[in-house]
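This is the structure I want to talk about, given as structure tokens.
Letters A, B, C and D name the chains as they come in the text, with residue numbers starting at 1 for each one.
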Amino acid sequence: MEHNYRELKRECFEANMEIPRRRLAIYTWGNVSVFDRDAGVFAIKPSGVSYDEMGADDIVIVDLEGKTVEGRLKPSSDTLTHMVLYNNFDKIGGVVHTHSPYAVGWAQALTPLVIYGTTHADHTVQDVPCTPPMSDDQIRKNYEEQTGWQIVNHFHRKQLNPHEVEMVLVGSHGPFTWGTTAAKAVYNAVVLEEIAKMALFTRLVNPDVDRLKKTLRDKHYERKHGPGAYYGQQ
Amino acid sequence: MEHNYRELKRECFEANMEIPRRRLAIYTWGNVSVFDRDAGVFAIKPSGVSYDEMGADDIVIVDLEGKTVEGRLKPSSDTLTHMVLYNNFDKIGGVVHTHSPYAVGWAQALTPLVIYGTTHADHTVQDVPCTPPMSDDQIRKNYEEQTGWQIVNHFHRKQLNPHEVEMVLVGSHGPFTWGTTAAKAVYNAVVLEEIAKMALFTRLVNPDVDRLKKTLRDKHYERKHGPGAYYGQQ
Amino acid sequence: MEHNYRELKRECFEANMEIPRRRLAIYTWGNVSVFDRDAGVFAIKPSGVSYDEMGADDIVIVDLEGKTVEGRLKPSSDTLTHMVLYNNFDKIGGVVHTHSPYAVGWAQALTPLVIYGTTHADHTVQDVPCTPPMSDDQIRKNYEEQTGWQIVNHFHRKQLNPHEVEMVLVGSHGPFTWGTTAAKAVYNAVVLEEIAKMALFTRLVNPDVDRLKKTLRDKHYERKHGPGAYYGQQ
Amino acid sequence: MEHNYRELKRECFEANMEIPRRRLAIYTWGNVSVFDRDAGVFAIKPSGVSYDEMGADDIVIVDLEGKTVEGRLKPSSDTLTHMVLYNNFDKIGGVVHTHSPYAVGWAQALTPLVIYGTTHADHTVQDVPCTPPMSDDQIRKNYEEQTGWQIVNHFHRKQLNPHEVEMVLVGSHGPFTWGTTAAKAVYNAVVLEEIAKMALFTRLVNPDVDRLKKTLRDKHYERKHGPGAYYGQQ
């Protein structure tokens, strides 16, 4: 029943169009997906289609085994990475991958994005983790699926909560972000690029500065969580 | 009498819209307030409302104890910081907070913005001060109010005149600026970002360069003050 | 037969207009040519004409000895560099020269652009080579023709395949890129600037990071070549 | 005879409007003048007027002693700097002052802009000189007039030809450029900012790289001078 997915495709299309608008990627680089957990499918950008030529009809619907359910085009080559995240992070509704240059800089440097200030702390009170480069074992398997496992395994090993840290740097590669919705995941991709830029400037001014002090990180954690949370119009 | 504040709201709205226009902040980040000293109230951006959706009617009127006097929406989460500045800096008419990336870089580096040249000296002949990170004592109290006290206390300790130095870096956080009007405060926020960028470039070219020599700083001070002041059409 | 070249000129004009649109060069800097291998001629930007004043009719048609075949204007001063590349790289259909600032930074630093990540590997699995500065012998000869020979000889010495590495940094000068079409060559020029930027950020975050590991480079090579190649809608 | 200067004012206005268009300065910063050598006067931007509010009628006409000949507004506070350059550099027809951030970075670093490549060499085959900061003696005199003498004296001491090197960094201050016309002087200001950016990137990639080799500098000198000169449509 094709009409079922019209709204999902529309949401996915809109979220993808934020990528060039926010200057997170050029040409066809970058991709956003939206998950319909009830239907067990996600909508994702088609592979190799540029943003100015893409319409909502070009969005592809894929199931949780990575099979195309609906769509004339091949889904993004990163589809299996998205699939692994939906299968393993149980409350997320959208995933974003970009090649935004400051975030890529940290990812290629194989360096977690250190939390230096409150802009970062307003979004997560941890360093943004950076996975090690893919192991030779993984490289021999399905590359994009293994990129998903790089992320999931790293969060597991580091005991990170994907709902507290909605962003990651895949070592030697670049950023992935997620969120309860695709719009939130895109927002996180913009934030990640902005705090990656700020952190580089911070290091260039003072290479020896410490990460944000623990009491401030705790305070920012409390601001967003629990009964005393405040911000915005809620 | 609601109509009393129409002009104040309009001025506050216009000043806030300069924030995205001058690329000082993304999304809902950043906020500008305008002070009506006679009425003892200030107009400020609502919390968590993005610039493209905000109208002049959304601006909130707050008194000097931080209570909303008029407005359907919650005021900016930074409202109490603005309040403390209006209560303590006696000639200011506007306050601005942004997360502009070069200024945040210096703030996160816990480093005062060194005065390296005349662009800086045209606006203040001192380094732009950087407060220490908030103390654990302060963190336990009202966070935003304490951000205001971080600024006021630092100016007091360093014997800085807030009418000579209309800008500050809050350590681990970011820039606040002010001025006799909100428009002047926004201007100062743009200037701060520009001189923060220039100072970083300066250090990258020559990490060992000294601050601007004292005789030049004195000269620039005289250009703006006293009977021999000159610049602009006055 | 003038009408023969109308399409070639149009293609060349369109490809040139991408240079300012993608911010690869200012004023008249930069030039793109398109090769018609059957006719043995290429279309190229006229010399010293700015992008906003140029029309498709201003494009110049040049043969493989560098002689103007058609056109009212002098061809680009870099024409002989393009000619040498068409004469020596046997499958290319377009050549681009820009002064994009990050790529120039590496070229002036006389440093090959190290492959730090998968963004780079998606386009070539080698470092982007940087030629040595022109020798005194070459400087005494035709400068622009020798720039072409700098590139061709460097690829020969380093045993690089110009169809695997479609970009080069000419030492002390700047980037040249090419491709099977002019549009692809322009795409490569944009990519080169983007990976040059990312690689600089990478070094600033972590000056000691190694180049992308060999197994990952091999994997990316396979993704684009041979029976298992996948990406895009083919 | 007021109408005499209409064309001069128009040319000056157009050249000034390039400053914000090319992003060389914000607000009212920066100024361009045009010299009419026969009339012994120059047209210059009024002081403290922002680019979006300025019209051609606001341009001020000043003589070679710095006195306003025509105009309702005060001329730029940098007027006497321009005057000194017109009085001492005998073939120039336009002068530009900006606060473009990369050029200011080098000026504040008290470091000549090293010639690292051919982009620089296409415009001058020397390092762009950087004057020492103004001496205490000079600071006590007319500040803006002394800025002009800083430049003139530095060129004299270093035996630099202002028609070979049409740009300078005033130490602790920023860039001045000039040319046979105001349009050429603005072009030089854009070029200076671009090569200042490229040179910073070069140093960040490889701090130990040497300046462009002498034989290449000589070659570029010959390309622009004497009987064998070539470039553009002349």
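Convention: a contact is a pair of C-beta atoms (placed from the backbone, for glycine too) under 8 Å apart; a residue touches a chain by one contact, two chains touch by 3 or more.
Being a predicted model, the structure only gives us computed values, none of them experimental.
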Next on the checklist: For chain B and chain D, which third chains touch each of them?
Outcome noted: none
Item to check | Maximum centroid distance from chain C, chain identifier (CA atoms) | outcome: B
Checklist entry - For the homomeric pair chain A and chain C, should the interface be classed as same or different, according to whether the shared residue numbers exceed half of all numbers used? => result different
Item to check | Geometric centre distance via CA averages, chain D-chain A, whole Å | outcome: 47
Checklist entry - Roughly how many whole angstrom separate the Cα centroids of chain A and chain B? => result 33
Checklist entry - Hey, what residues on chain D touch two or more of the other chains? => result 200, 203-204
Item to check | Chain pairs in mutual contact under the definition given at the outset | outcome: A-B, A-C, B-D, C-D
Item to check | Residue numbers on chain D that touch chain B, as the complex places them | outcome: 26-29, 46-49, 73-74, 77, 99, 101-102, 104-111, 133-134, 136, 139, 143, 172-174, 200, 203-204
Item to check | Complex contact set, residues of chain D against chain C | outcome: 116-119, 187, 190, 194, 197-206, 209, 212-213, 215-216, 219, 223, 230-233
